[in-house]
Each structure stands twice: as structure tokens, then as C-alpha cells.
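We just call them A, B, C and D in the order they show up, numbering each chain from 1.
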Amino acid sequence: MRDDTNKPWRGQSWPRTVSGKSALVEPLPHHISCEALHVNFRANPDAVAHFLPPGLEPLEDGAGWVMIAEMAKVSAHQPEQIWRDPSRSSYNECVLGFYCRYGDRIGRFSALVWVDRDWSLGMGAIFGWGKRLGAIDRTRLQSTNPALAGEDVKLGGTVSRHGHHVLSLSVDLPGGGAPLDAMPGHGGSTFLYRYVASPSPDVPDIEQLFELGFTNVRQTGIRQGAGEIRFGSAPDEELDVLGTVEVTGGFTYQRGWTTDRTARLLQDFSTPGQ
Amino acid sequence: MRDDTNKPWRGQSWPRTVSGKSALVEPLPHHISCEALHVNFRANPDAVAHFLPPGLEPLEDGAGWVMIAEMAKVSAHQPEQIWRDPSRSSYNECVLGFYCRYGDRIGRFSALVWVDRDWSLGMGAIFGWGKRLGAIDRTRLQSTNPALAGEDVKLGGTVSRHGHHVLSLSVDLPGGGAPLDAMPGHGGSTFLYRYVASPSPDVPDIEQLFELGFTNVRQTGIRQGAGEIRFGSAPDEELDVLGTVEVTGGFTYQRGWTTDRTARLLQDFSTPGQ
Amino acid sequence: MRDDTNKPWRGQSWPRTVSGKSALVEPLPHHISCEALHVNFRANPDAVAHFLPPGLEPLEDGAGWVMIAEMAKVSAHQPEQIWRDPSRSSYNECVLGFYCRYGDRIGRFSALVWVDRDWSLGMGAIFGWGKRLGAIDRTRLQSTNPALAGEDVKLGGTVSRHGHHVLSLSVDLPGGGAPLDAMPGHGGSTFLYRYVASPSPDVPDIEQLFELGFTNVRQTGIRQGAGEIRFGSAPDEELDVLGTVEVTGGFTYQRGWTTDRTARLLQDFSTPGQ
Amino acid sequence: MRDDTNKPWRGQSWPRTVSGKSALVEPLPHHISCEALHVNFRANPDAVAHFLPPGLEPLEDGAGWVMIAEMAKVSAHQPEQIWRDPSRSSYNECVLGFYCRYGDRIGRFSALVWVDRDWSLGMGAIFGWGKRLGAIDRTRLQSTNPALAGEDVKLGGTVSRHGHHVLSLSVDLPGGGAPLDAMPGHGGSTFLYRYVASPSPDVPDIEQLFELGFTNVRQTGIRQGAGEIRFGSAPDEELDVLGTVEVTGGFTYQRGWTTDRTARLLQDFSTPGQ
């Protein structure tokens, strides 16, 4: 058998080659930012449990959120990409998440994520985010638009997938909204549930629970108003499980952070006995 | 034959129905805004003439521009659409235009336009804009992104169509760029060349030259820096005709205005003898 | 003013240039073909009238159809395009049409059309087809697929637009369906309603009714089975006006023809007094 | 900690829930079929090695292939999907692969794959296929099209990704091509290289080599002609490494098979010492 020790073989993700140039996901860490609409809600904790993986429990108040944002990503190893190839930097994303408990620690779990670029979807296999492709749109708050010249603004966001309405939200900001210093809610940790099925009876499925922190976090321009959420139905969605949720606030903000491979393993379901 | 005088038949564009609800283009006027990257250039006036319709002449300096922007549109008749259905409000656009002369008047002509929504493309038949679909991307200047935290920023934009690179540009803004009160260039008028082929030997093609002004124009946040443009090639593009152009400035700005059916006919080529 | 008589200025559609190379629509005639699913139905004639333009009346039985197809188009002037640039040749289309009467002549009217390529949409302004972009999908009847190996097949098609379900249909073909020599229904003429709004108070809107015939028509492989249709709802659709329709047959077939600018003007609503 | 033994937790892929309904990838096995254009070539074996993972060696003749196809997929657990939701069944794919050697066994390795649906991309993490999203188009050989009525046909296919041309091919079939009973080349085994980066220093990257066979394989309608391939360039592609390849044949065919989790582990690079 050939000696591959002399063969460099690179790429942060498939497809890998000698150069790593073709990899779907670019070298981590990634610097991320968002221009976000965000609605907090409370649902029935039993419904929340439907979306939480083994090891995580819903909070008693069933707290969760939906965020829809225009995003930007830059691989720390490719700083020129943001202006050379913006189709690999700009993307839209929607996250539906829940606050939850792992033992005595409270944190956040991003249960369902929709993005509109494959390279963002490819992060799902690494970090265990439930990413699928969708069409994600939000109001662009461009104040030079004659229709947006007033003080009162109302912004909205929508997600669809394969031609089915997934969800929509709105944030009503009379007078531009009330400025806040920080978002309400539990900062805490972020939990990751990573599952990749095995192609073979010879190896187990990957099934692991992690905790991940972000660095360089910065959040600005938080404004609070009134929020609304509406869930749709689709053959491969199940948001109707949540029923009608109680909205506890609508927000808009900018946020930035750095994502890296620094997660801490909490539990490994793939290795029997661990 | 049935009396249709009693039958309302509506829609700002095809498809029309009794209600007008299905029309591709929503009722005018439209309130428009953009978050733009913009590069001014000079090309060979003979090359510019290649893109100017009958009646319009290039300036001696061959001045033109490329703009790539994230845009927002609101039909004045559907003010709630911007938050209810942002997929019909948010869009991206690239305009390649030239300054030109009609008789003794200097104005602007948008020769080639790429957009990413069909309802924007549908405006082309009404106003005579050379719109086609493309993928248009620009750097999102999100200052919370750890990669964009510095004072010096470089932004870029790209256009592709049917898998072919059409053009790319960049704007380098050391220290955030130099603030300007107004964009350089000839404000003046906007010329429209409207051509719609006839489906029948019984009726002539529509071929008309118009002048159009905009109302509610407002431009803010103009920053000047250094620009670059690169043209690609494709089976149904011809930007290579422009050769290598001399860039005279790179800019970023926000702009808003209202578009309505207020054009003034300059010349009608479709009616022989006029 | 410059003498443009010496300046060739070409293009079957906008954008036009000296070469015509950039035009969205390629030189006519176009050779077209489809691999179609087709469902015939009857609706309330008053509901049908909702979708018929001035001059056309519904039949007493309210007959109409929906067709969803994978299509191919070749400009007669660019015969190599079909293999050189298939993204400009392959497309998907859905047509919702009605049989109707113009005076004493019975013909077909394509009321609403969804396509997935801009160059097909651009034909709408020329021929008066109510085209908009959508996502159009149909079952691919690939008999080597282990799931399609049986004699009995059931095929389906769906249309969505901006993330909203527009319509879906299915054709059930026990034993592969019953072979037919010709499709039932009125062959007759095709009526076109062409509307392009004016950008100016100086010129009238274009509003014309035409009759169009196709040449080189060839239809093969007609199979009849049972059909089903389901209409969705969306902010800019109005298929709910049709209510529940009575399906009269489901079909699959291949069809080819040539489309050219050979329409005959029936009525010109744009010129007062005609 | 809560007892999850009573909690079913399902889904063939992320995102997983109690029901498994939201999973990107549907339950395996999948019945697959293609309507394919296929070009065989020979490249420099050193260039081929650039794309082969540890453990696999190029053949002496540097044999490889490109296939572009319109495809159909049906999850064996969701037989109605093919007509109920064809947007989750129809897709387009391009595979660039090489024949190679693992020890003394010769087989095939799909090095780079482009697909146009996320659910197909999601199979990459499970089976180790180098899938990314692209726009994949091929000529549709619809014989009712007046432009395709002759005996001689020439078909083509193209792939682009993020607005960059990746590759194009054509197959020239004079007289419809020469019928073949079987494709030339090594049937043998299919090798899989599966790599998923770890999100944590606590767990190793997954890096494994497998062999996979397919069942229910059926290939029909094989026609041979002359082939051509052209590789493009892009920031995240590296087909230029292959240089100019020697084409050894062009083909068109239909093929069907069943894909399941039956791979056999050949080597596990992730577990030191194995």
C-alpha cells in the first residue's frame, strides 16, 4: 500500500484534495456578523422537548426565539474574500432556538436553522447545527427609502423551503424602538447536538453533545418593540408542534462573533459505555 | 361581441385579471432605495456608442459607471408589503450606465441592468431598462464583524448570469473613505430607450426614447475611495467591447427616490414619419 | 442630432446594443418542446371569466387545463446553443389556460404561466403571455429507477412562487395509461392578450388582442389516466377564485412546435376609435 | 439527568427531532436513477493523484470520467413523494471521478460532485461524497422539438458554481450514436472517503475509507459517440490541475440503482493505531 504519510491531504470539509482548495467549508475560525430581527416567545415545554436532543431539557417557561438576519462571514485565513468573492461571504439565516438545561447549566440550543448558501449548510455536519437550505428574506431598513422616512418602522422576515412557507415574523418599532443595553434572556452556553449517520454496519453513527462558546462577541444597536410570529406547514417541517406561542418581545440589533473548533464534549452517545 | 365596458380589467403588468392581484409588477409609483457600491470610469467613446440607442451620443470623455447595491422597493399602494412579504421588497441590482447627450442636454443612460427578482425585471418592459436576471452580491459592511472592526475597509461586488462571470468591482476606503456632500458627475436627466418587439406583422415594434425624472431623491453617507472594475465574458454579454477602462473613483452611499410613470416622450421610432 | 440611419441597433428584446448579443430574448423563431403532465378540468364559467381579457368569453362548460412540463427551446438562429449552453435551452413551465370564444371562434387562452428562466419570461412582453418566475417541478419518469419499475405509475407536478404554494397536480396511469391518438379538446386558435403599461402620459398603454398559430406541431406518446389538481393561495395569486374544479382527465405526452412573430391582430384597445 | 431512553429521537440526518420529520436526508435506502451524458478521459496519473484520498492510487492510464445527468431519487420509506413533492425527488448532478486502486482491487472514486438540491448534498456527510451545490444543466433530448428532429444529435452539459464556470462537456451522436450492451471501464467497487472535521479538541476528526456496492443496478439505452470536455477555473475549484485531458469516448444512457448504508470499512484514519 502506498505511503500517504508524504501526501498532504487538506480541506476543512469535503471535498478534500491535496490543496484543500475545493473544500465546501473554508478554514476555521470564521468571523461572523448579523443584522438581525429577533422575536422571543414562550411555548409549551412539552412541545419544546420535541425539538431538544437527548440530554437537554426545556425550561419551565418554554422560552425560545426566532432570529432572521442578513449575515456576513469571513474565514480568518481568507481575509480578502469579503470583497473579492462576496457570494461566499454574504448570506441569510434564520434560527429557531430554545433555552434549555443540561444538568444544572442553562444554555441555548439552535434547533432548526435555514440558510441560503451551501458553505454555511456545510458547517452543520461539523458543529451539529440543524441547517437546511431555504429562502430567507427580511425587510431592509434603508432610511433613504421614501416609504421608510418616518420615525415608526415595522420590519418583517420570512422563511420558505422547497416552495412551502416555514415561518414569518415581524417587529414593530414605534419611534424606532426602545434602546436596550443588552438582550434579555440567558446568555450562558450554547449546546450542540451532532449527528452524522454511518454509511456502514462496521462503524457507529456519530452522536455527540457539546458545549460551545464564541469569542469576540459584540452586540450593538439593540432596539426593542413588539413582535409577532406565524408558523407554516410543510411536508418536512413540524413547527405546528409548537402551536400558538406567546410572544414576549421583538428586537432588532447587530451582532458579531468568531466561531472556532473549541467545543467541549459533554456526552458521546456513539460510543457505547462512555 | 360582449360588452367589456362593464368589466374592470386590472394589473400594472401582465398577467392581468379582473382584480389585478396576479400582476408581476405592483401598482406604480414605487419607493426605491439602495445601499450602493459605485465606481466611475472613462471608456473609449466609440465603445460607449456601442451601448447607446439611436438618438443618444457618448460624451467626449466616455464617462460611465457601475453600481452594485442591496435594494428595497415598496409600492405606494402596498405599504405593508415591506414587512409582510420582504421577498417582494428586498432585491439586488447592478447597473452599468453611461453619461450621454441628447441634442444639447446631458443625462444618464442605464445601458445594462442585472437584478435578482422577476418583479424588478418586469419594470424593464414598462420603462425601457435593459434588465436581465443575474446573481448580484456585495460585501455587507457590518461593523460588528471581527474582520471589519478596523477603520480601513475594502468592499466588493460581483455579477454573474447563467454561470458566467459578468463583472466585479471593488471600493477601497482607507479610514472609512473621504466624506462627500454630493457625488461627482452630471445629475441632469435620465434617458430611457424602450423596445418591445411586435408579435405580428400587423403592428409595429415599440421603439421610443424618453426622459425621466425621479422625485423624493435623497442621498446620504457618501464616502469616496479608490475603485476597480473587471469585466468578464459570456455568450450573451459584450462588456469586452469596453476594453480596459480608466477608473476615476470608487464610492459607497445610500440613496432613495420614487419612480413613477411621468416620463416625457423624446422620440418615437415606432411610428414612421414622426 | 446624430444620424442613426448608419447605426445598426439590434436585439429581439431589451437590452439592445449595436450587436444584439446582450438581448434577453434570442432571435425568433424558437423551436420548443415539452415533456408534459396535463390535467383538464371544468370550472364555473363566471370564475373563468375572471381570468379572460376583454373580448374573450368563457365556454359554457368552463373548460380549462393545467400543464406542467420539462421544456427545451432552441432559437433557429443559434442551433448550437442546445448543446453549448443548455442553461439557455432547458427550462420548466406551468400553464393554466382556458378554452374561450372570440366572436364565433373557439380557441385557447394561456391565462397564467410560470417559468424558471428569465429569457422565457421575456417572451411575455412580446407575445402577451402572463409569465412570472416560479419553481416548477415534475416527476421524472425514469424507468430504470427501482421505484418506477412497475407498470403502474403516478406522476405529479408542483408550482411555487416566492415561497408560496401555487398549485399541484397528479396523473395516475394504471398500466402506464391508455394510449390516445390525439388530446381531447378544441384545437382551434390561440388567443393572446398583450398589455404593456406606458411609462409616460405622452403615449398610451399597449393593449391588444391577437390570434396566433404554431407551425411544425407534433405530439407523441399521449397516455390518458386520472388527474387531480389542488390550488394554493399566495399574496399575489388568485387561483382560489376557481374554487374546486371538476377534473375531466389526466394526461402525459411529448409535444413540439415552432413559435414565431406571425400573430394576427384581432383588436387594439390602445388606439381609441379602432 | 433526564432519562432519554424513553424518548425516541429520529432522523436520517440533522436536524433531528422526536419525529424525524425535519431531517434533511430522508430514510435510506434511496432508489436513484439518471438520464446521463458521460465522457471518459485519460489524464496524467500525477494529476489524478491530486484528487485521490490516502489509500487510493491512480491507474497507470489516468482513467477518469465526467457524468452530467437529470436525476430522480425516491426514499424507499416515502414512495408517494415522487408524485406528491417532486422538488424533493428531481435533481441534477455532475460527478467527476477516477478509476483507482486500493491494494489489488480496482474501483471507482467520485472525487468531486455538484448537485442542485440540499437533501442530495446532505448525503455527502454520510457517504463521504464531495458534494457541493452548483447549477447543472444538460440538453434535453426531446425528439418532438423541430430542432432535434434529425438523426444526428449533439448533446451538452454545463456546471457552474457561485457564478463561475466549472466544466462543460458534449457528446456528439451521429445517427443517434452506436448502441452498446455495456459501458467500457472497470465496474468493480466504489470507494468512499469520508471526512467530517471535529468541532472540539476532545474528539478526533472522522476520516475513513470505505467500499460501497449498489443493488438493483440496471443500465439501458447506452449509445456511444464522440465526447469533449472543457474545464473552467474558479476561486474554489482546481480542475486546472488536470490540464488538457485525452477524451476516450462520449456516451448517453439511463441508469438506476439503490443506495443503502451497506459500506464496508477499509481503513479508519481517525482512530490512531487502527
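Basically, contacts are C-beta pairs under 8 Å (C-beta built on N, C-alpha and C of every residue); 3 or more make two chains touch, one makes a residue touch a chain.
This is a predicted model, so every value here is computed, not measured.
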From the options A-C, C-D or B-C, the pair that copies A-B, where over half of the contact pairs coincide: C-D
Which of A-D and B-D has more C-beta pairs touching across its chains: A-D
Greatest separation from chain A - chain, by CA centre: C
Euclidean distance of C-alpha centroids - chain C vs chain D, Å: 34
Centroid spacing, where centroids are CA-atom means, of chain B and chain D in whole angstrom: 40
Between chain A and chain D, centroid-to-centroid distance (C-alpha), Å: 29
Where chain D touches two or more other chains at once, by residue number: 84-85, 87, 135, 158, 160, 162-163
Residue ranges of chain A touching chain C (in the complex, touch as defined): 135, 158-165
Chain D residues within the chain C interface of the complex: 31-35, 70-72, 74, 76, 79-80, 82-87, 89-90, 135, 137-140, 142-149, 154-158, 160, 168, 170, 216, 218-220, 254-258
Chain C residues within the chain B interface of the complex: 1-2, 4, 7, 9, 11-19, 21-25, 28, 49-51, 53-55, 57, 81, 84-85, 87-88, 103, 111-113, 118, 121, 124-133, 162-163, 192-203, 206, 208, 210, 212, 235-238, 241, 261-265, 268
